[in-house]
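Each of the next two complexes has subunit A plus one other chain: subunit B in the first, subunit C in the second.
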Partner chain A sequence: MRVQLKTSYHHDIRLFPDARRALRFAGLVALAIALPFGLDDFLIGEATNVLIWAIAGMGLMVLTGHAGQPSLGHAAFLAAGCYVNAILMERFGLPFLASFTLAGIVTGLAGVLIAIPALRLHGIYLAIATLALSVLTEDIIVLAEPWTGGVVGLVAPTITIAGVEVDRYGSPDRFYWLCLAVALLVTLGYRNVLRASLGRAFVAVRDSEVSAQAMGVNLARTKAAAFGLSCMVTGWAGALMGHFFFTFNHEVFTIVISIQLLLMIVIGGLGSIQGAWYGAIVVGIVPQAINVARDWVTGAFGGGGLAIPGIEAGIFGLILVFFILFEPLGIHGRIMKWRVWFDLFPLCRRDMFRRQKSYLRTERMR
Partner chain B sequence: MSLLEVRDVSLRFGGVTALDRVSFSVERGEVFAIVGPNGAGKSTLFNLISRFCEPAQGEVRFEGESILGRPASGIAALGIARTFQNIELFEHSTVLENLLVGRHVRRRADIVSQIVFTPAVRREEIAHRAAVERVIDFLDLQPYREQRIAGLPYGVRKMVEVGRALSIEPKLILLDEPASGLSPEETTDMRFRIDDIRKRMGATVLMVEHDMGLVTAVSDRVLVLADGQVVTAGTPDEVRTHPKVIEAWLGADAGEAA
Partner chain C sequence: MDSLQLIVSGLANGCVYGLIALGFVLIYKATEQVNFAQGDMMMLGAFTALGLANDSHLGLPFWVACIGAVVIVAAVGWLLERTVLRRVFGQSQLAVVILTIALGFVLRFVAGTIWGHDPLTLESPIAGVNVRLGGLVLGLDEIAVVLVTLLLTAALFAFFRRTKLGVAMQASSQNQLAAYYMGIPVKRIHGFTWALAGATAAVAGILFASKGSIDPNTGLLGIKAFAAAVIGGFGSLPGALAGGLVVGLIEPFAARYVASGYSQVAPYALMLVVLILRPHGILSQVHGKKV
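This part shows the complex of A and B:
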């Protein structure tokens, strides 16, 4: 059994609750930095993919997991970030760091604008309204052909940072490190928000709008801030995605991407930064696992290349159903339970994680 | 000048008249209780002061200024805190985090410095924690400070909600049935807390309560509300012996018998 003794207020607002966890995180970061040395180019690409999904996942997590506002429209913001970044680099000749930063800011502002009409919508209605956004994206990209290249699409320009070329194919390791740096910075900023008043306001709005207001939390402003931050981060993920795909057109940022993003944070565990990372790892690994399994099946039973259309979506769907039924708190929730079990050993009880009956809440004032 | 002044307020929900020309005023430093049968409009009155409902007519003034032009989220900043009849806590957060939300109106840092977590933000957070810790001490919530609301017993939740309201450092605190659902021991505990809120925290208390024992013990003045109308107001003893109150409480027959 392990007990945490707090001796000052700093304990509560530190980045890590104890030295052990700080060390573990440092170890993980070191491992992530060293990763490209041990992998071939293909696997570095796969790891980069996971990083980009993790950034996008954190973008959606802050909105859905913490502020409680579901969105099925985040592919639109990925697209916005992707195109704004590419256009600023290509047409305006901005260096990558400037165009990248601006891509996030522009997408974030777009998110705030979208938030204004969305403020009156709750739950499923908000999901449907944002779904419409996803559907529109494709058409908007085609219609804005002079800028976006329409159905032909755009090619992501090569990134140069301080004279060093960072190319997805030419130097996959550098591109990986770039994505890692962005992912770590976003994680840090996210953690900072959560330990300050804005993060608490997000959770307050999620858990009870009525008492959030009674505590002086302005719903409109808080939701707009959540949309803004969420879309900014998603825009950055989109910009990196553009470079990762190298070429992209109207068919890349479909509604399927929106759904996959939402699914990812649910599987990972809503309401935690770690959840976005776990979800990204699942999303990165599952397609590879399917490929391996497919090769194995083909090898074992012969026959031509086995291709089952939609198998990926089907398997993701199954995983999602499994989690909603058996582990609604996602991977993060499961890991936390194991951790508590070990920390309290041998004092844990079987019914410790049974869902508590919650008391009646007033519905009158909704 | 009274701290809170409610003048001639009426409020209707469709055909139901929840409040009918209600007037009263609460003085600084007193404990003011509102009693009345179910559906009398007591909670509606609180919701009106919290700006969750719009009155059809009338005026509500706090420290001499009308609050009817303010949104619901602008009330806490004036120094008015409240609890809810059916506990409205942030279920998935810990006791400490719930109380810290009460500090929201005292925040100063902008979004960007919060993302960066500048030294100023750190200092501010420490100050919030110190303030919240005083409330935790005051209400003896230490054993629960790191626990999530979802697993706490009812009586503790009630106390946490009072704590969250106190974290605002309010001038006026509205308690909607603070003792409902509590055991006799917890009710006695709540009675001393309410006394202390006034004496040690210096806040004025406006509360709705059915438990007449508690009302008599802590309040300076009592307002009786029935069917949205003021029946009478006065000290607890005056009110208890008022013929109309006896009638409303015990029925017309008992009133005649008494």
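This part shows the complex of A and C:
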């Protein structure tokens, strides 16, 4: 059993609650930095993929997990970031760092613009509107052919930072470190937003808009800020994703990506930064695990062509169904429960995390 | 004459969208849940009918296969509610949204495993037969689609207005707790609603399959039906159908009079406009929101 002694109000909003967690974070960062030395190029690529998904996941987590605004359209912002970054580098000859930063800012501003009509929408209607946005993006990319290359798509230019070339295929380890740096900066920034009044305004809006308003939270400004921050981070993830895929066209950022992003943060655990990371790791591991399982099955029973198309989506869906049914708080929630169990060791009771039943009342009234 | 032809084919497409949207609205009205897997249930209905009717599969007579598909998909809907959705009863709408999206993935996977991922065509007696009305050449399938949709909507409308069960469904939608107090078996009603939505989806699926080929990704059509449901107002049965027709009509006209690329964009753009101007749809029932 462990008791945390708080001697000041500032303890509640410290970056790390205690030294142990700070040490653990430092250890994780060190491990992540050292990772490319122990992996081959393919696995480094997969780890980079996880990092990019984690960044995108954090982008969506701000909006859905903390501000409570569901979005099924974040692929649109991934696409925006990706294309803005590539176009700025290619057409305007900006260096990567400038175009990358601008890509995030432009996408964030687009998010704020989207937030203005979205302020009138709640819950399910917002989800549907963003869904439409995601579907529209695919067609808009095709229609805006002079800029986006339409169906043919674009090729991500090579990144040069201070004279060092960073290439997805030529130097996967450097690209990995670039993504890691972005991911770490975003994580720290995210944590700091949550500590500030803005982050707590997000949570207040999520839990009850009316109560938040009564406490003096400006709903419109808070939601717009949530959209802006979320889209900015998602735009950065999109820019990195463009470099990761090397070539991209309208078919890369489909509605399926949007949905997968939302499902990912739900599996990881809504309302926590860690959740975005756990979700990204699951998204990265599932296809590999299926590959391994497939090889094992073909190895054990013979029968060469055991390729079942669509199995990834199917298994992903099943995992998700089980999570919603049995662990709605996701992986992070499960880990928290274990931690509480250890922290309170003999005192934990079975019904501590029991969900309360509630009854729905319709919003449609006569 | 040309635009008349466009109108008829648009109406036929719109009816399918409308029927899927009807399924959304049915479930939403009665259980306050939004079923993102409705399009995939439509796809399942189409494939079940195909599996029962086609000579390469079971080869049953067409009408038997239709009834069989409706019954099977209704059973699937009921089972889904019974085993999965009942467990999230009373949780937030977002949980249901995510759950049904995931179920859609699973349904697509199941259909792909059983029937393969290549496009297949349903062998139906009404496909490819043309009817001449004046100078107009209409496909019998298109006429059948419109007629069946009209009949089904009328039946559902009467059901919600006139029968005890329909009124009980409306009551359980408006306030689950109060409905419980009035002696309405809310949970059983939810199961029944899902079965009904499944049956509607199966009808939509059969109609869709008789107009063209299907593959497991056909279910993504559900997104377009969503646009239809939103344009019409999410809580209104006639609205859902009207929205479906609007979407069905706007597509060919946008393709013809604007540019071919815009036929995909038009429904969603219209939906965004409707959402922004009238956030609860054209025929909405929302008059205010309580805490």
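Basically, the second predicted complex is superposed on the first by the 355 of 366 C-alpha atoms of A that agree within 3 Å, B and C clash if a C-alpha of one lies under 4 Å from a C-alpha of the other, contacts with A are read in each partner's own complex, and residues count from 1 in each chain.
Methods note: a contact is a pair of C-beta atoms (placed from the backbone, for glycine too) under 8 Å apart; a residue touches a chain by one contact, two chains touch by 3 or more.
These numbers were taken from a predicted model, which means no experiment stands behind them.
In the superposed pair of complexes, A:V210 makes contact with subunit B and with subunit C alike.
Of the two partner chains placed by the overlay, neither subunit B nor subunit C lies in contact with A:L344.
In the superposition on chain A, A:Y9 makes contact with subunit B only, not with subunit C. In the superposition on chain A, A:A132 contacts subunit C only, with no contact to subunit B.
Of the two partner chains placed by the overlay, only subunit C lies in contact with A:V266; subunit B stays clear of it. Shared-chain residue A:I255: touches subunit C; no touch with subunit B. Comparing subunit B with subunit C, the partner in contact with more residues of subunit A is C. Of the two partner chains, subunit B is the only one that A:A196 touches; subunit C does not reach it.
Applying the stated contact rule after C-alpha superposition, one finds that A:V286 touches neither subunit B nor subunit C. Shared contact residues on subunit A (touching subunit B in one structure, subunit C in the other): 208, 210, 358-362, 365.
Residue ranges of subunit A in contact with subunit B, taken from their complex: 9-10, 12-13, 189, 192-193, 195-198, 200-201, 203-204, 207-208, 210-219, 225, 229, 271, 356, 358-362, 365. On subunit B, the positions that touch subunit A within their shared complex are 47, 50, 52, 71-77, 81-82, 84-93, 96-97, 100-105, 107, 109, 111, 114-117, 121-122, 125-126, 128-130, 133, 150-151, 154, 157, 164, 168. Taken in their complex, subunit C has these residues touching subunit A: 32, 34, 84, 87-91, 93-95, 97-99, 101-106, 108-110, 112-113, 117, 173-177, 180, 216, 220, 223, 226-227, 230, 234-235, 261-262, 264-265, 268-269, 271-272, 275-276, 279-280, 284-291. Within the complex formed with subunit C, the residues of subunit A that make contact are 64, 70, 117, 120-125, 127-129, 131-133, 135-136, 139-140, 142-143, 208, 210, 255, 259, 262-263, 266, 308-311, 313-318, 320-321, 324-325, 328, 355, 357-366.
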